[in-house]
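Look at the two complexes coming up: subunit A is in both, with subunit B in one and subunit C in the other.
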Partner chain A sequence: MENRFIPALERSPEVDFRYGENHLALRGEAYPEDAAAFFGPLLKDLTTYCQSIQGQDLLVEFQLEYFNTSSAKALMNMIQVLEGAARSGTRVALRWTFQKDDDVMREFGEDFSTELEHVHFQLVQI
Partner chain B sequence: MSISNLCRSEQDFGLFDHEEGVIRRAACFLEGHPEDLGGLRATVLELIQAFQQSAREQKQLLRAGDRQQEQLRTVSRELKEKSRLLEEQTRHLRILNTDLAHEVEARKALEVDLRILATTDPLTGVYNRRRFLQLGDYELARETRTPQGLSLLALDIDHFKKVNDVHGHGVGDETLVRFVQACSSCLRAMDSIGRTGGEEFAILLPETTLAESCELAERMRAAVAACQMQGSQEPFQVTVSIGVAQSREGEPLDDLMARADLQLYKAKHAGRNRWHAELDQTGPSRRVQKTMSGTRPSTISEGSVSACTSSTLTPGASSTSFSPARVTSITA
Partner chain C sequence: MLASDHYRMTMENKQRGIIFSFNGFISEGILFALGKALKKKMAADEINAGTMKRVFSVFVEQAQNIIRYSADTLAREDQEDCRLSSGLITVGTEAGRFFVACGNVMLRSQAQPLQARLEKIRGLDSAGIKAYYLERIKETVESDSLGASLGLIEIARRASEPIRYDFLDIDGLTTFYCMKVFI
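Right, the complex of A and B next:
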């Protein structure tokens, strides 16, 4: 699959999906006007991609400073896809990165991690 | 939406593609099994409807959440901007405050300067006439409340006009300054000296007897005479004539000054470079006149001081003789 890079905009995060390196990252703020339009294609790609790397290692990094409810739903969808992939044998690590003192983002990370059973979750403060 | 429409709906990979997929698959299952299956069909239909309803509600909740967060972000942005403005204003106010404090300091300094200007003679630095008269009134009032003796000296530099004529006004000014320095060196902190005219000065001596003020007048006369003035060609000396008067109970300043001036006039008349005092505390006035020869000031001033000791000037002594008679006399 071809790598996907979208630079950060005012309302959307940087997307840095390096499929070739099994390393996917989302960085910045997420409150796009149309969350389905922004995240829909990413979710579709991710689903296809996860089916193609069964049994390999995958590192996913979320380094977000802010997201709205729709983006939260999109993130949960991604996490479900990752959990599904991990359940079927891919070694998935999810690294949730938050700024020191950003209690809101830390708590979101902890919250999301409770949904995970097969994904290896890392909470990282920077 | 009918079961068959639900079964054939497009998958569009939105945020709810999983939920919609579940509904679609359930609908397709029902379409493939038109038979009742012992009530299962009705149950699955009910689940589809409930899940559809739930997904719709979730979508509404997402929209509501997004809208509220949008609002919060706007408010938060406005607050940040206002806070920034406030900080800027605070910073400006601090600068203004500092400027204002400096302005206040400058004005205070100006006020001091103005007060000095308004109360002193710019050339010599001593009190000007107006301020001296104020201080005189003040000292007289104090003397009335608690009598401790108050003397007034009237001083006039001898032949000062000649200094200006011969050496010019620059030297004249310098002479006035040196003269004041010589006089001031004889004074205590509580004494006040003022310039009452061109080359006329007056001195208030609180807590002083007539005898003490005569002693002081002599010291001052000697100090002035000993002072070397820098002339246009060569150094020269000036002399001073001094009138001494002691304040009387209830007497206004004008009268006290007039009496000191009268003694000054007498000192001038008697040949200058001397002081003249009036002894009147016992009623009939007796005058003490001090005459100096200007030729040997150091030896003579010593003698003259002893001539003015309190014993010689004790009120009540009907006649007084002065031991260093050479330079001293009393007139009735």
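Right, the complex of A and C next:
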């Protein structure tokens, strides 16, 4: 699957999905005008990709500073896809990073991790 | 007269701790520009990152609620992108706390379900609000009311006390809805 890079814009995060290296990263802020239009294609590709790498290692990094509720919903959908992949044998690691004094993003990391049973989840303070 | 009227208005807002108050047609572009100004102002005042994030989040969710749910709109049916919704949004400080308040006209028929959602959220403590947020975000079904609920729950999570709200009926069809949230 072809790598996908989308530079960060004022309201949308950097997307650095290196499918070839099994390394996917989202960085920055997410409150796009239309969250479904932004995240929909990423979620679709992620689903297809996860089916193609069964049994392999996958590292996903979320380095987010802010996201609105529509984006939170999309992130939860991605996390559910990752959990599904991990359940069927892919070794998925999800690294959730937050700034030292950012208790809101730390708590979101904890929230999202409650959905994870098979994914190896790391909460990392930077 | 012109200057004195406007100066009085400016000073009144200042005395009430208002950082900005926007009244009129609000678009996603205006939301973005106001949000950027708000962040700059809070950064200049050296507000801590957690508070900044909470104020900003409540501001974004309230502004998007106006954009999506205000009944006072200018729209052409063939141009959904040009839809402009009207409302009021105010950010300020009162007794050392930030507040974000908003108001817009809505249909009276939609007020009752909204009030039920607000009351449900107001009845929860912070652990209950967090659990309710997680319950709603994990649901796979997408619907209008779900989007609205999640926004309200997010606002309640960032608030330091229960959401205050009020309705004022305008006529048989519409009501003016407002909400004030202290961070």
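Here is the rule we use: the second predicted complex is superposed on the first by the 126 of 126 C-alpha atoms of A that agree within 3 Å, B and C clash if a C-alpha of one lies under 4 Å from a C-alpha of the other, contacts with A are read in each partner's own complex, and residues count from 1 in each chain.
Note that in this section contacts are C-beta pairs under 8 Å (C-beta built on N, C-alpha and C of every residue); 3 or more make two chains touch, one makes a residue touch a chain.
Values in this document were obtained by computation on a predicted structure and should not be read as measured data.
> Is the arrangement of subunit B and subunit C around the shared subunit A a clash or a fit after superposition?
clash
> Have a look at where A:103 lands relative to subunit B and subunit C in the superposition and call it first, second, both or neither.
A:103: touches subunit C, not subunit B.
> Just checking: does A:117 make contact with subunit B only, subunit C only, both, or neither of them? Give me first, second, both or neither.
Touch partners of A:117: none, neither subunit B nor subunit C.
> Tell me which of subunit B and subunit C touches more residues of subunit A.
So, of the two partners, C touches more residues of subunit A.
> Which partner does A:31 contact after superposing on A: first (subunit B), second (subunit C), both, neither?
It touches subunit B and subunit C both.
> For A:2, select first, second, both or neither according to whether it touches subunit B, subunit C, the two together, or no partner.
A:2 sits against neither subunit B nor subunit C.
> Under the stated touch criterion, which partner chain does A:43 make contact with: subunit B (first), subunit C (second), both, or neither?
A:43: touches subunit B, not subunit C.
> Just subunit B (first), just subunit C (second), both, or neither: which does A:10 touch?
After superposing on A, A:10 lies in contact with subunit C but is clear of subunit B.
> Identify the partner contact of A:74: answer first if only subunit B is touched, second if only subunit C is, both if each is, neither if none is.
After superposing on A, A:74 lies in contact with subunit B but is clear of subunit C.
> Which listed stretch of subunit B (74-82, 218-226 or 290-298) steric-clashes with subunit C in the superposition?
Given the superposition on chain A, subunit B and subunit C clash at 74-82.
> Based on the A-chain superposition described above, do subunit B and subunit C contact any of the same residues on subunit A, and if so which?
Touching subunit B in the first complex and subunit C in the second, residues 31, 68-70, 73, 77, 80 of subunit A appear in both lists.
> Once bound in the complex, which stretches of subunit A touch subunit B?
31, 35-36, 39-41, 43-44, 68-70, 73-74, 77, 80
> Which of the residues in subunit A end up touching subunit C in this complex?
Those in contact with subunit C are residues 10-11, 31, 33, 66, 68-70, 72-73, 76-77, 80, 99, 101-105, 111, 114-115.
> For the complex, which residues does subunit B have touching subunit A?
Per the stated touch rule, the residues are 12-15, 17-18, 58, 61-66, 69-70, 73.
> Name, in rising order, each residue of subunit C that touches subunit A in their complex.
Those residues of subunit C that touch subunit A are 28, 32, 48-50, 53-54, 56-57, 60-61, 64, 130, 133-134, 137-138, 140, 142, 147, 150-151, 154, 158.
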